[in-house]
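The following block contains the structure, expressed as C-alpha cells.
All chains are identified by letter, namely A, B, C and D, in their written order; residue positions are counted from 1 within each chain.
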Amino acid sequence: MSVNEFKKMAYSSADEMVFGESKHPKHYGLGLKVGAGFVVPEINFAPRPGTEKTPESLVREYVDYITKDVLERAITLGFPAIQIENEHIFQMVNDPEKFEKPVVIGQKEIMQEYHDEYGIACAIRHTIADPRLHEEGLRLGMDTKHTYPEKMMRAFEVAASNGADVISIESVGGKEVADHAVVRQDIKGWLFGIGYLGSLDMEWLWPQIVDIANKNNIVPGGDTNCAGANTAMFMAGGYMDRDIPRTFAAVTRAIAAARTLVAYECGATGPDKDCGYEGPIVKAISGFPSSQEGKGAQCAHCDMMGNLIAQTCDLWSNESVEYHPEFGGSSVQCWLGVIGYEAALMNASKQLKSEKTLRDIYVASDRFRSPEAFILSFDNAYKIGQAIVENNGSYYLRAKAAGLKAAELIEESSNEGKLKLSAQEKDALDRILLDLRSLPSEEGKFVDWALKEYADVPAFNPKNYEL
Amino acid sequence: MSVNEFKKMAYSSADEMVFGESKHPKHYGLGLKVGAGFVVPEINFAPRPGTEKTPESLVREYVDYITKDVLERAITLGFPAIQIENEHIFQMVNDPEKFEKPVVIGQKEIMQEYHDEYGIACAIRHTIADPRLHEEGLRLGMDTKHTYPEKMMRAFEVAASNGADVISIESVGGKEVADHAVVRQDIKGWLFGIGYLGSLDMEWLWPQIVDIANKNNIVPGGDTNCAGANTAMFMAGGYMDRDIPRTFAAVTRAIAAARTLVAYECGATGPDKDCGYEGPIVKAISGFPSSQEGKGAQCAHCDMMGNLIAQTCDLWSNESVEYHPEFGGSSVQCWLGVIGYEAALMNASKQLKSEKTLRDIYVASDRFRSPEAFILSFDNAYKIGQAIVENNGSYYLRAKAAGLKAAELIEESSNEGKLKLSAQEKDALDRILLDLRSLPSEEGKFVDWALKEYADVPAFNPKNYEL
Amino acid sequence: MLDFDNISSDALLTRYDIIAESKEKPETIAEKHLPKDPILRKVAEDVLHMKYKTIEENVSAALKDNIPEDVIEKGLLKGMDAVSELYNRGIYYLPHVMVSADAMDRGIKLAEEALGAGRRTKGEIIMHAAEGDPHDIGKNIAAVLLKSNGYSVLDMGKDVAVDDVVDKVTERKPLVVTGTALMTTTMSAFPRIAEKLQINGVETPFICAGGAVNREYVESYPLGIYADKAANGPNLVNKALDGWDWKKIRDKWDGILSGSE
Amino acid sequence: MLDFDNISSDALLTRYDIIAESKEKPETIAEKHLPKDPILRKVAEDVLHMKYKTIEENVSAALKDNIPEDVIEKGLLKGMDAVSELYNRGIYYLPHVMVSADAMDRGIKLAEEALGAGRRTKGEIIMHAAEGDPHDIGKNIAAVLLKSNGYSVLDMGKDVAVDDVVDKVTERKPLVVTGTALMTTTMSAFPRIAEKLQINGVETPFICAGGAVNREYVESYPLGIYADKAANGPNLVNKALDGWDWKKIRDKWDGILSGSE
C-alpha cells in the first residue's frame, strides 16, 4: 500500500464541510480558483455522432461549436468563472497526435481569446479515456495488439503539453471482477475487484499521471470509480428499476471511496472527477477540491440525490450532454445555464452567510430518497471516511471497513424507521452484512481466497496487478 | 374597466410572500394541490417536427411517448406530485375535433392509470394557442377567412370537456402595437398596446374562458404576457445581446402585470402561466397560485433571473423542450429531473423552516443581474403591485403607474450604485422616465392621442377593441 | 426582511456588457459614410440621429439643388449605411435602426413625390411568416433592413397559407422570397412551398429563417437559403441582385456572410 | 449540526417502489414452470433457488433415471424459465437471474459430460461490443439470458474491430450476430459491419443494442434489428430460429416484443 496515506481527517468535524470551500484551494488555468470560497460550474459534452470521423470535423465540433457556444453563454449570463471538461473519446486516445492534439490546442486558443476580451476566469480539464482491456493486459508491454497503456500515457502527455489545465481519468482497474460481481450481488467479489485490485492499479497508474502533470506545470486532478460504483448506481436506478438493489449500490460506493483516495495518496491534488459520487467521503479525508454532479446532470443520467450531492462540491457539473440544438440555444448552452445558476445560488448563500443552511436543505431533499444518498450525506460520509482512515495500512481492510460502516449506517436508520427499504433492499442489506462480517481480518488471507474464488472470472488476470 | 378589481394587496407585506404558499390554494385533477404548502413541478414539451402531420402520429408522440415518459420518470425519482402542461400547437386549434380531442383524451387516460397504480398526484393544463390575426379581426365574426376566434373558443371547449384540469392561454391582444413599439424603444406605444388594448382584449376574452371552465368543473388558470413582455425580455437578452436595452424590457414587464391581472378580475383563479414573469407582481396583488420558470427552463430560453424567479412560485416549470433522446433518457425526462429536484429543494426548505432563507438566496443570486430581475425581486414586485392597486379604475393609469414605479426603482438603485447599468441601459431609462412622466393623467386624453399616433401601425384596427 | 442592497454581487456575476462597452466613438464610424455636400449631409444626419421631425424640411431643401435619386442615394441611404454599421458593430441597439428607418421612409416618400413616380428600387422581396406561425418580429426587423438597403418589400404577413405564397411568387417573380418560422411544427411549410414553386418552374431564391430552422434543414430542400440574423438579409439578397442563382448563393454562403465573397 | 432524522420526507418523496411491491407470491408463479417429476423438480428448484452447491448432486441423481437431454430441457431449463418470468415481472432482481444461470451452467456441464459430447444447442450467437467501446455489461447480461434459453454464445468481448467481427461471422455463419454500443461515437461501427457482411454475401440478422443506439438508427442499415433490453434477446433470436430473415423480424418487431407474434 502506498506510503502517503492520510493519517487523519482533513476536517475536524463533518459540519465543517461545505460547498465552495476546500482545505487546499487550487489556482490554475486562466485565472480560475477552485475551492477558494465559491463554486464554479464545470461543463461537459459529447460530440455529435459522425463528427468523430476526421480530425477536422472533430475540431470544428469541439472548438468552433461547443467551446465557443459555452463561452458565449457564460458571458451572456454573466458567470464570473467556468471550467470546461473534455472527456476524450476513443479516437483521441487511439491516435493522440492526429485527433487529440488539434482539439486541445484549439480549445485553449479560443478560451484565451475570451479571457483576454472579457476577463472571464476559465480552465479546461482533459479526461483521458482509459481504453485498456483486462483480457489483453493493463500494464506496459502487455497488450501488444493495441499497445493501450502506452497510447494512453502518450495521450496524457499530449494533453498536458498542449493546453490542458487539469488532467483526469476514470480508470478501470478491478472492473472485470466488479462487473462479474455486481450482477450477482456478490459484495465480496466487488470488494476484491474495486477495493483491492482497483487500488493496486491506481497505485501503479497515478504516480505516472502526477509526473506528467508536474513536468508540464498543470494540475493532476483525480480519478473516479465510474467503472464500478456508478455502474452499480446506474443499474440500481430509481423506483421503477429492478436490476440491482439500491442497498447494494450504496455499499459499493463506500468501498469505492477507499479506492478513489489512492489518486491523492499518489500526488493528485484535485479537483477530482464530477462523476465520482464518492467525492464527499474522499473530500472529508483529503480536503482536496471536489467536482460533483446531480440535479444539473440529468442530461446524462438520473440519480437519486440530485440536490444532496451539491452539499460539499467545489465544481458543479452536468456530467455530459450531446451537442445539439434546443429552443434555448445549443444543448451545452442550456445545461451551462442550469449548472451556472446553481453555482450562483451556492455563491449567493455565501454572501448571505447562509451556506450551511443551503447545504442542509440540499441534504434534507434527498437524504431518505435512497440508501446511497443517505450514506453520502456529509455526516455519514464523514463517518465512512473515519472508518477508512482508521483502517489504513491495507487496501482491503479499509475498503471493507468503509463498506461495513455504510451497511451499518443504513441498517441503523432503517431499524429506527427513518430510511425506508423495500423488501429486496432489506434482503440485500442483510446478505451484505453477513458477507462482509464473515471476511478474514488479514489481507493476505482474503487475497488468497479471492484469487481462487474468482480465478475463472473472464478477463481476470492476476498479472495485471503483479499478483 | 372590469368591476372586480382588487381593492387591496393579497399580502400585507412583501416578506409574507414565499414559494409554495398561496392565499387561495387550489385542489384539482387527480389529487393535486397547488399553493398549499409545497411546490409542484410543471413539465412542458413540444412534439418532434413532422409528428404534427396526422392525428395518429401526434397522439403517439404526446401520449405514448411524452406523457408516459414523464410519468415513468416522476415515479422513478419519487416525485409525489406533478403537473403536465400541453401547449397546443396550431394544428390543434385549427381543427380541434381531429387533432386536439384524441390527444386530450389519451393524455388523461394514461395519467389515470399511473395515478391508480402508484397514487401519484397529477393534473394537466391545456394551453390553447391564440391564433387570432390582428389584421383579420380579434372578435367573433370578424375573421371570415379563418374563423379564428370561433375555432379557438371551440378548442377551449374540447379541452375542457375531454380531460383538461386547467385551461390557459397566452393571449395576444395589443400585440400589434407592442410589436411596433418594442423595436422602436417607444414606451408610450407599448403602454398603449399592452397596458390598454391588451387589457381590453382580456376583458372580452376571459369571461368566456371562465364560463367554459366553470361549466366543465375545471380550473380557469390564467394568462401571460408572453406576446409582449417576453418578446421584450427575449430580445433584451443577456450581456452579449444588443437588440433592446434591458431597462426597457424591465419596464414593459411591470406594465404587463397590470394587464395579466385582468384574467383574475374576470374570474380566473390560477395557477397562472409559467412564462408570465410578471407572476410575482400579480401574485402580490391577487394571492392566486403562480407558475414560474427560470433555471430549469434553460431548454427554452436563457433568462437573467434563473434563481430569483423561483422566489414566489407554486409550480416550477421548464417552459418547453422538444422531445428527443438524451444520454439520461428522453428530453422531457431529463428536464423533469431538473425542475422536480428544484421543487424538492424548496419543499425541503419548508421542512427545515428555512423557506424564507432559501427565497432570499434565490433573490440574492440574481437581484443585480438585470434591471428586470431587480424589479421582480419580491420586495420591488410588491411595490409595483401597490402602484397598480392604488391606480385602479383605469387600465391606462394603473399600467402607467406600474411602469413608472419600475423605472423609478431602477433609477434609485442605479443612483445608489447598487444596480449597475450600461450606457445604453441608462439612456433608455432616462427616456422612459421622461416619456412616462409626459403622459396625460386622464385615460380619455391618452387614448385619443394614441389612436391618432398609432393609426398607421400595420394590423392595428381599433374595431378589435370596440374603439 | 433582509437588506439585499448590502449584498455584493461581484462573486455572483460579472457585467461583461459594461466591460466590453465600445470605446469607439460613433461619430468617427459614421463620418466615413456621411456625404461631404453640406445639404445632403444634413439629410443623412437626420436619418442617423432619428430626426423624423426635421427630416422633411431638410429633404425638401435638398431637393431644390439635387435630383431626387441623389437625395435618396447620396443622402438618405448614406445615413442609413452609417446606422447599419453602428448596429452591426454592436454600438447601436436595434431601436436606433428602426427609428432611423422610419425617418428615412419619410424622406423617401417626399423624394418619390418629387420624382413623380415610385423610384426604381433594387428589386422586390416577398416576405412571410409560415402557415400557422404567429411569430413575426424577426421578419419585421428583416423587412426594415432590406428596405433600408434599397429594396422594396411586399410583406404578406404571418400565418400565410402555403398556396398563397406559391401563387404570389409565381405571379410576381420577385428577386427573392423569404419565410420565417419559429416553430418546429410550422417549418415544414417551407419545403412544401419550395417544391410547389419548382413545379411552377420558379427558381427564385427562398431565404428561410426563424428560431425553428437551421442551415442543415433549410438546405435539405431546393431553393432554400438559410439566414441566421436579420442583418444577413441584405448580404444574401445583394448576391441575387448580382445574378447568382440559389445554388451558387448556397454554395458560397460562408464566404458571403464573412464578407470574403 | 441539524438533526436530519427529524425531517419528515413525506412531502419530499414517495416510495413508489414500496407501494408497488408485488403482492403476488413468487411460488405461485414458479409453480407453473416446475416439472411434476420429483427428481427433475429438485433440479429445477436448485436453479430457481440458486443452489449452486447442491445442484451437482441433484443433477447426478436425475441422470440415473433420465436421459441427459431431459435433465437439461425438462429440469434445468424449466427452473430457468421460472426465474425469467419472475424477473420479467419485476419480482426478482437481475442478480437472481445471473446466479441461477451460474447454477444451471454447472448442471448443464454435468449433463453434457453424461452425454459424452456437447449437447446440440438451439444455435450459435456471436456477440461483441463495438470497436472503441469498453461498455460491456449489457452485453454480458444479454449473453446469460441467451444461454439460459438454450443457445450457445461466442462472446468476442469488447472494443472488437469491425473486420474481426465480419471475419468471424463470415466464417462461422451463426444464427444471429449481436453488437452493443453505449457511445454515439462508436456506434457507426454497426453499419460498417452490416455493409461488409452483405458484401460477403452474409445476411445474418444483426441485433444491435446499447444506450447509444435507437430503433430508428439500427433500422437505417441492412441486417440491423434493434433490442432495447437484454430480455428482448431470446424473443428476437427465437424468430431467427424459426427461419425468419432479418427483414421479417424487423417488420414484425412490435408484435414480437409484445408477444402477439
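Keep this in mind: a residue touches a chain if its C-beta (ideal position, glycine included) is under 8 Å from a C-beta of that chain, and two chains touch if they have at least 3 such contacts.
Here the structure is a predicted model, which means the values were calculated and not measured.
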item: Any chain that touches subunit C and subunit A; value: B
item: Most widely separated chain from subunit B, with each centre as the mean of CA atoms; value: D
item: Mean-CA-position distance for subunit D and subunit C (Å); value: 61
item: Between subunit A and subunit B, centroid-to-centroid distance (C-alpha), Å; value: 40
item: Subunit B and subunit C: spacing of chain centres that average the CA atoms, whole Å; value: 31
item: Sites on subunit D at which at least two other chains make contact; value: 2, 7, 9, 12-13, 15-16, 20
item: Residues of subunit B whose C-beta touches two or more other chains; value: 46, 75, 77-78, 238-240, 322, 327, 344, 347-348, 351-352, 360, 364-366, 369
item: Contact graph of the chains (line, ring, star, complete, other); value: other
item: All touching chain pairs, where touch follows the definition stated at the start; value: A-B, A-C, A-D, B-C, B-D
item: Sites on subunit C touched by subunit A in the complex; value: 2, 7-16, 19-20, 211, 214
item: Residues of subunit B defined as touching subunit D within the complex; value: 37-38, 75, 77-80, 117-120, 325, 327, 344, 347-348, 350-352
item: Partner subunit A, residues of subunit B touching it in the complex; value: 46, 72-73, 75-78, 237-241, 294-302, 304, 306-307, 320-322, 324, 326-329, 331, 333-335, 337-338, 341-342, 344-345, 347-349, 351-352, 354, 357-358, 360-362, 364-366, 369
item: Contacting residues of subunit B [partner subunit C, same complex]; value: 13-15, 46-50, 52-53, 89-91, 94, 130-131, 133, 135, 146, 172, 179, 182-186, 231, 235, 238-240, 242-245, 322, 360, 363-369, 377, 379, 413, 416, 418, 420, 422-424, 458-459
item: Partner subunit B, residues of subunit C touching it in the complex; value: 1-2, 4-5, 7, 9, 12-13, 15-18, 20-21, 87, 90, 92-95, 98-99, 102, 132-134, 136-137, 140-141, 155, 157-159, 183-188, 212
